[in-house]
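Two complexes follow with chain A in common, the first pairing it with chain B and the second with chain C.
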Partner chain A sequence: MAMLNMVLKADDLSKRYEDGVLALDHLNLGVRPGEVYCLLGANGAGKTTTINLFLNFIPPTTGTCYIKGIDVTKDPLEAKKYVSFVSENVMLYGNFTARQNLEFFAKLGGKTNLAKEQYYQVMRRVSLQEKAFEQRVKTYSKGMRQKLGISIAIIKDAPAILLDEPTSGLDPKAAEEFLEILTELKSEGKAILMSTHDIFRAKEIGDRVGIMKEGRLVMERTREDLQFEDLVKIYIDYMKSEPLTA
Partner chain B sequence: MLKTIINKEILEALLSFRFLFGTLSCLILIPIGIYVNMKEYEQRRVEYQEIERLYQERSAGQVYTNFQAEGYRPPSILSVFSFGLESFLPNKVVTSENGDYQISKEQGIGNPESSLFGKADFLFNVGFIISLLGLIFTFNSISGEKEDATLRLIMSNPVPRWQVVLAKMIGNYVVLIIPFLISVVVGLILLNTSGVVSIFAHGLFLPFALILLVTLAFILAMCNLGLLISTLTHRSIISMITLLFIWTALVLSWPKISPMIATILYPVKPQQVHNSEKQLIRQNLENELDRARRELFDDIFTSRFGLTFDQLRKETTEIVTKAKTAFGQARATLDKKYEERITSELKKLDQEYLNRRSAQSAIARNLSRISPVSCYTYIVTEVSATGILELSNFLENSERFQQQVKQQLYDKSIHEWYGPTKTKGAWRIDTSVPGFDPEKQPVPHLSYKPTTLSRVLRTEWIDILLLFLFNIFFFAASYVGFLRYDVR
Partner chain C sequence: MRDGLDHRQEINRMLKTIVRKELQENLYSYRFPLFAIICILLVPLGLYVNNLNYIKSVRDYNEQMRLADEAVASIQMQDVMAGKIAIKGFRPPALLSVFSQGFEGALPRFYEFTPDGYTPGESSSGEASILSVQGKIDFVFLIQMVLSLVGLLFASDVIAGEKESGTLRAMLSNSLPRDTILVGKITGGYLALWFPFIIAFLLGIVLLLVRAFPLFVGDTLARVLSVFLAASLFILIYFAIGSMISSSSSKTRTSLIVILLVWVSFQLVIPRVSDMAADVIYPIRTETQVSLEKSILAKSIDTETSRELGRRYVLIYGNEGSPGRGDKTTPEDVKWDAVKKEIESNARERKAQQVKQIDDAYGREKRIRQNIATNLSLFSPSAAFARLLADVCGTGEIARRKYGEAIKDHAQALDTALFSRAKRTIIALPGGKTSLSFSIQPIDVKALPKFTIAPTSLAEAFKEDWASLLSLAFWLIAPFAAAYVRFLRYDVR
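Moving on, here comes the complex of A and B:
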């Protein structure tokens, strides 16, 4: 795989926690601009660990993460300028309105001096209702919070987006709307790495899909490959297979 | 970036219930505390003026050379902020011709409940209530964000960790300090409009400014402590329980336990025992003096001049006059020698006792300084002249008053007596120097010199320094804790 043009790149990435658990085992992957990479895998497979390593929340045991060619461990502040993050449960400041939350995180992401209308535009783009813009977030449903979470990622306008099971717990309509937004972001050239349990949506949106098991990337398929293969069957087969040996 | 997070912290705190609670607590407790203590001060000042007036009235025209002058300590104006040891500090000194002045506590009309529960003065409100508010405002500043998962979102942005910690400290401190300062201003307005105390009066502004400065430093230390615990825990409830435990230890327990430990480590006999020992020494020396006088009497009148006691009393011959003169001179020398010896022995005993007391007090102080509340209490009480330093100051004033009365009265007395002893079988003539008129003598008045601010600073610099060091330590530890903090 040509790794030169990658916005997100994991190079021989491993993580062993203090309790000895090997969460990630020599992972190599890359995400290009305008590409959605879906990471599938059971709980504990290493998906979230991968995202945490990209965000420098934890240091790698070996290997390196790069965001736009910047070593995340060596220069985390510079690397984080080019990445947005949406978690499984977007938890924001409940006493703040959606606009206040958006404004705060936009400023953290380097977007200062934006007009109120610009925040509203982003919230309209993710299909939040107008009346919710100045509502306190503690009154929001999970779907609304996820939309606000993606609007935070949008307003930062970073070339890379990391999503940690963003559609988990969303109703089908909300999940569908969420994926539509991702498709738009993809078309804008964003490199998107999404961890998910949702095989169907991974197949639907992913330009590449990787299956992780026990910290290893055990399979990777392109959208073209998956036209001829059944992703569900592949996934279940991997899950049922014998445990990997260290 | 820093400003953005500070603004967020301020806004978040302003919208929280704790801000409402903190503001109400400050606005109610601080002005009421100042006002009530101002009224108490006013009452104590009236009592002081009344007792001085009565003393002057009953003593006028009766100021003999053996007059026992009374001096009273006026209540400290700054006691409106800290009542401190006011209930225990002596406020009366009675001079004595023999140099052994007595100090005591003149009890006013007190409210026993207030002694039982303590005064809700400014010191109490800050040391107990505002310190707790400082912790309430910061206890979950990091752990709460971790729990709410907002910390992950913040840290996914290019934000240096030091900025997060600093912003949380500044933001929460500002939100706590604003209602606090408003409540202090309200309290000061109450003080100034009362006509009893003007904080801007000469000599009061600087001590008050110092009290305010150390109060701000103390509140910051408590905020930093809350922040520190927040960076060492990952759940709000754990942070809260930990901080409540630490607050109880630092505020309620340790300052009370320290003197108890000091008493065990370095016992000092009670004041009553010390006074009894002094009395015994005085008695022994006076008995010894009596024996020496008897020997002197025998030596001069009987051996040297061959006179009998009856001749001495009844005759006025030249030889009797000569013998009396010789005895008078020799006795005066002997008395002076013994007076100096008694004074020296008693002073030595007093000094030893004070040294032991000081050593015990130093142990208690140093132990208690582990708690920022103790340091804060020491500074505020000393600046308010209601602390331990005030006891030394009162003793110095008493000593000065004794000297003043000695020069005015006691040095003017002439005691002539003849006999084997001063008390048994002697006759005496007590006169005063020519021109001394007890009716024209002014009643001695103690012009009380308060402790100067420079002296307080010389004593209290260590506590001021410690308060600033507590801040540096707590904040630095918070920063280091957050550097290692798992934000996932």
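Moving on, here comes the complex of A and C:
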């Protein structure tokens, strides 16, 4: 696979925690502009560790993460200018309104002097109800929080987006709406790396799908490959197979 | 160069964003109005009530001084000789006891001076209710007990709360240095505490000015400003300690438990244990023991003097004794007067010297014990703060010491100017008989010394309390440094 033009790139990335657990084992992957890469895997497979490494929340044991060619460990502040992050439970300031939350994170993302209307536009884009714009976030449902989370990612307008199980716990309609927004972002050229348990959504939105097991990327398929293969069966087969390590 | 400048500007912009967010978040929280109400009610109320007490004390003091002056003006030497006269020396109330009560309520309001020495009068806390044993509410108490706890509680979730709610991950997914987050959060959180405090303080000052508080007389304004600055610093210290604990915990609950333990240690345990430890490390005699020692010494010297006078009397006048002085003074009388004067003078000097030795030794013991207790207590920023403010307000250790010095000086001055002029001589004759004689010299009551206590300047207070200042500086810098180091390594997952 050509690693050139990758916005997100993991190069021989490994992570062993202080307690000796090997969470990630020589991972190599890359996400191009306008591409959605879905990481599938059971709990503890290393999906969230991969995202944590890209965000420099933890240092790698070996290997390197690159965002737009910038080594995340060496220059984390510069690298993080080009990435947005949406977590499983979008955590926001409950006593702030949606607009206030958006404004705060937009400013941290380097977007200053935006007018109120510009924040409203972004919230409209993710189909957040108008009346909720100036409502305190603590009254929000999970779906609404996810929408606000993605609007924070949109307003930062970074070329890469990291999503950590963003559809987990969403009802089907909310999940569908969420994927529609991702499709739009993809069409705008964003490189999206999404960790998920949701095989169906991964097949639906992913340009490439990787399956992780015990910290290793054990399989990778393109959208084209999956037209002729049953992703569910592949996934279950891998999960049932013998452990990789003794 | 340009990039460096842009980067700095970018960091400053982010810092402002975090400070503003922190202020807003605190403003919207339920705890902020609660704190503001407590602050705005208690601080001005405390100042107002203590000012009323001060005004009352001044009125009492003036009245007592008037009565004492009248008593002095009508002094009869025979009363002095009969020990019926006690000259009172009153301690003037400290103006800034309005802010810090310190020893104000505990020290005797006056001392009574008699030819036999001096005894303390009642303390002003003598009229207080039983509730006063729990500590009087003054400005220092409010800052030390209430605002310190509020500062710690506000800081308890500075880092741990952001981690728990997941917003720390969201913040750190941006191009934001960790130290900027820490500084921004501490600054914003502290300002959220400081603003209600300033409002409460200013309200209190306005109330005092309405009650004709002499804020602009002498160095009062400088002292009040020092109190304000020290209080602001003290709140910041506790906020920094809370932030340090918060950045060392992953959960607000853990942080809260540690915070409460720290608060109890600093406020209650360390100051009390320091005093107890000083008693164990350096036990000293009690005041009663020392008084008894002095009294035994005085009696022993008096007895010796009487015997010596008796012996010399017999040597001069023979066993028959003096026939009594008529119009003519005999050579024996002249000799006896000279001998008596010399013996009495020697005895007085000896007594004064030995009493002074006992007093000095006891003073040294007390000072050493006090220094041990004070230095140990300085491990607590609260103890350092209370000590410093009491001295700045003229109600602390320095004021107590100067009061003690003033009493000794006044006793000596009164002895020279008054008590030594009315002498009672007891002669113990060798046969076992005793003879009592009196001598009185005229006194000028207008020339009697006035009881005064040397004032303490603000610079003197700061100079003497360098250890407290050092303790406060340590408690300001160390928690910030520890919070910084902890947060740089903080696991945000």
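One rule holds in what follows: the second predicted complex is superposed on the first by the 245 of 246 C-alpha atoms of A that agree within 3 Å, B and C clash if a C-alpha of one lies under 4 Å from a C-alpha of the other, contacts with A are read in each partner's own complex, and residues count from 1 in each chain.
Convention: a residue touches a chain if its C-beta (ideal position, glycine included) is under 8 Å from a C-beta of that chain, and two chains touch if they have at least 3 such contacts.
No experiment lies behind these values; they were computed from the predicted model shown.
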Q.
Just checking: does A:E78 make contact with chain B only, chain C only, both, or neither of them? Give me first, second, both or neither.
A. both
(Q) By the touch definition at the top of the document, which applies to A:F96: first (chain B), second (chain C), both, or neither? (A) both
Q | Touching partner for A:G189 - first (chain B), second (chain C), both, neither | A | neither
Q: Using the superposition on chain A described above, determine whether A:G69 touches chain B (first), chain C (second), both, or neither.
A: neither
Q | First, second, both or neither for A:F104, with chain B first and chain C second | A | both
Q.
Residues of chain A that sit at the chain B interface in one complex and at the chain C interface in the other, please.
A. 52, 55, 57-58, 77-78, 80-81, 83-85, 87, 89-93, 95-96, 100, 104-105, 107-110, 112, 152, 156, 162
**Q.** For the chain C and chain A complex, residues of the former touching the latter
**A.** 10, 13-14, 17-18, 21, 24-25, 28-29, 165-167, 169-177, 491-493
Q: Would you pull the chain A residues touching chain B in the complex into a rising list?
A: 52, 55, 57-58, 76-78, 80-81, 83-85, 87, 89-93, 95-96, 100, 104-105, 107-110, 112, 152, 156, 162
Q.
Which residues of chain B touch chain A once you look at their complex with the stated criterion?
A. 1, 4-5, 8, 11-12, 15-16, 148-150, 152-160, 486-488
Q: Provide the residue numbers of chain A that touch chain C in the complex, in ascending order.
A: 52, 55, 57-58, 77-78, 80-81, 83-85, 87, 89-96, 100, 104-105, 107-110, 112, 152, 156, 162
